[in-house]
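Letters are used for the chains, namely A, B, C and D, taken in the order the chains are written, and counting of residues starts over at 1 for each.
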Amino acid sequence: MSSNLTARAVTEFLGSCFLLAAIVGSGIMAERLSGGNAALTLLANSVATGAALSALILTFVSISGAHFNPVVTLAEAIRGRTAWRDVPAYLAAQVAGAFVGVAAAHIMFSLPLFFASRHARIGAGLLCSEFVATFGLLSVIFGCSRSRPSAVPFAVGAYITAAYWFTASTSFANPAVTLARAATDTFAGIRPADVPAFIGAQLAGALVATSLFHWLAPTRVDPMGERHS
Amino acid sequence: MSSNLTARAVTEFLGSCFLLAAIVGSGIMAERLSGGNAALTLLANSVATGAALSALILTFVSISGAHFNPVVTLAEAIRGRTAWRDVPAYLAAQVAGAFVGVAAAHIMFSLPLFFASRHARIGAGLLCSEFVATFGLLSVIFGCSRSRPSAVPFAVGAYITAAYWFTASTSFANPAVTLARAATDTFAGIRPADVPAFIGAQLAGALVATSLFHWLAPTRVDPMGERHS
Amino acid sequence: MSSNLTARAVTEFLGSCFLLAAIVGSGIMAERLSGGNAALTLLANSVATGAALSALILTFVSISGAHFNPVVTLAEAIRGRTAWRDVPAYLAAQVAGAFVGVAAAHIMFSLPLFFASRHARIGAGLLCSEFVATFGLLSVIFGCSRSRPSAVPFAVGAYITAAYWFTASTSFANPAVTLARAATDTFAGIRPADVPAFIGAQLAGALVATSLFHWLAPTRVDPMGERHS
Amino acid sequence: MSSNLTARAVTEFLGSCFLLAAIVGSGIMAERLSGGNAALTLLANSVATGAALSALILTFVSISGAHFNPVVTLAEAIRGRTAWRDVPAYLAAQVAGAFVGVAAAHIMFSLPLFFASRHARIGAGLLCSEFVATFGLLSVIFGCSRSRPSAVPFAVGAYITAAYWFTASTSFANPAVTLARAATDTFAGIRPADVPAFIGAQLAGALVATSLFHWLAPTRVDPMGERHS
């Protein structure tokens, strides 16, 4: 990762921006067109999100690592693959990019820049879902980046398309995404009051996955933060 | 395969757990949202299962070989690529992981931990389907791992997405999956009484595929169990 | 291609058999479940066929070349990449495999072994479609195998999924497939009387593509029939 | 890029022709079959277009670079990777191929060769959408071709499938495509009067992406126009 931090932060901003535009925009389009059939809406939303995520990782991975997700950045810092001094810039860029992406989707679909979601997402089932979704996402990233880094973009896109369906929460699995989705009262929205519990479950899932893979598939680290599997 | 047996068994457990969570969870979500349209339910279920399977194989293949399936483990033992002494741990991990995965799906969707399926799956057509599905699955694994091992995750995911549609049984093709799906009275369930015949047909299909590929595409084996194509 | 002709013919038989089981079986399943919505039926049919085709090519390409299609075998013979003396065995295996695949789908879905289709497919639009579909299929094979042979399985699967939708005939593009689909009175069927014109259009499309690529992207040929791009 | 200009222009013509046949043809088929459900129509249209685009790029990339899009050709000329003297032939081939592709779709579906669209596509939201869609498309091409050129066909296909959903305009992102889609009064059409603003927004998005990546991920250029990342 030889790029300078400014370029990498801009990249994290851009990628998070497009990721949220894809999540929120495809939800709006799918809900408008599906005539009330929620399965069709989620099918379009999940396929569009997974495809966009694969394309975005392929596009930006060589510049910033294509995290687009605070728990990925934190886990990579814990594993010694991202420098702790770079973490604040990554997190700020991800959150800012996510909100700008929501606004971009709203502008494209002629909606207000931001408007708070009223979509209640509460209950133990949904929090377990976010734990499982984030645990699984980091497992996929750790396992696949260890043995076949070039396949990570495909593995992550496929995993997210599936996780939209097999978790009860439709798999947010990303604190920046969760925050920004509170600012859209459309298909992808989440009520602001429900955000903290979602993020808590995501952090817990990420922590358990990081610990497990530390034992299961240790990565050697050298002082330069380079990867050795 | 230099990892120790404990790490490999944990990996088989985790992979089987996520595989069943994906199969059962996406079936629950799809049935809830599709308003009674069974084609839409199966479309979501088949896309989610295939995508999850590709992601899981990419994630875990370098640790345990990513079998997640007793007939795959048995076939690899017959072909000399998995040591017979490792087979019991693999099979136990797969079955345990499968049941835990079903429970995880039920927790996420706020259902009982386990509840027996009442979904009857009987008849010669379905048993022929399981024979064909398993014969095909092992053919894909044998053929693709011989010439392009790096493409196995994609080939297996694509095959299963297709086989959900082209077999009358929606292609279980896995004894651990079949056992665990008896413990869920949801879209993916199978009545416990129908499980033995399904597993019998799967074993038969696997045996014929193993014999055929032994002749069609022989694999050299050395005493260390390493692969030579 | 060092395999002996028997193994290669068996491989062409098996691949064509699974291809037809996938086309016909997924059509039956999709029509049964979709409640009369033809778009949903074709969506499942096209995704299942494309995914199955990618998996089958990955599985069998290193043994027989994974033609599964008489016009591909003929074109490869014209280009000097398949020996003319092998062509009769390939064609016989493809046609026999295709019919056995239709029978296998029928057995799985508890239908008669064979029953003639009554699905009329006539008119200039459909014949133009078969010309375009086959021209495109061979272009994809020629172009992609020249520059990136390892991507052919993905390119062909993606092309066929698309061509089911963008041609008016749903893109048969294969004489063995066309013959065998006359023996099933299900979603994928074609009235026997309409078969000859379809095959004629396919041969014409294949011939034009072969001539065009002979000029556009010439392949050197040596006396052993090996590929040099 | 050693091929002569005639072969490359023919390739751009063929690829643009198939791209438009795929876009327009799959739209016609999907609208005919979907019984008025616009989400199902767009799902088929987006999957078919993305799959076709991936297959076409894989097929033709080694001959002409597989631009099929005037803004891609212009951006590659600005970046010094396509010679300016070749640009007129590329653009002419792309526009001619696009119109012939529309005619081919019309012939296959037994419609008039050309007939002007009456589909109004106006408003700031749609123009912002075309800006975003084209900015994103060029970002994907620049970013992915810099670090992993072999993944460009997959990244572009996945991006377009997603962008059909997450932009309000369904992501034309291509002036040749936009011009030709004015000549079809079917699902994919655009009223001729709305074409200039769409093309203006596309050029703006392309220009901003080109400038941004010039700073973010500079490419060394030598006098032969060869790529160095």
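Just a few scattered comments:
Here is the rule we use: contacts are C-beta pairs under 8 Å (C-beta built on N, C-alpha and C of every residue); 3 or more make two chains touch, one makes a residue touch a chain.
Quantities reported herein were computed from a predicted structural model and do not represent experimental measurements.
Shared contact partners of chain A and chain D: not a single chain qualifies.
Think of each touching pair as a link: the shortest run of links from chain B to chain C has 1 of them.
Two copies of one chain, chain C and chain D, form a contact in which under half of the residue numbers belong to both partners.
In this assembly, C is the chain whose CA centroid lies farthest from the centroid of chain A. For the pair chain A and chain B, the CA-based superposition corresponds to a rotation of 90 degrees in steps of 5. Between chain C and chain D the centroid-to-centroid distance comes to 28 Å (mean Cα coordinates, whole Å). Here the spacing of chain B and chain D, counted between their Cα centres, is 40 Å. Residue positions 37, 40, 43, 47, 154 of chain A are each in touch with at least two other chains.
Pairwise chain contacts present here: A-B, A-D, B-C, C-D [touch as defined].
Chain contact summary for the complex, chain B toward chain A: residues 7, 10-11, 14, 18, 21-26, 29-30, 33-35, 37, 40-41, 43-45, 47-49, 51-52, 54-56, 58-63, 104-105, 107-110, 150, 153-154, 157. Taken together, the chain C residues at the contact with chain D in this complex read 37-40, 42-43, 46-47, 50, 123-126, 128-129, 132, 136, 139-140, 142-144, 146-148, 151, 154-156, 158-159, 161-169, 215-217.
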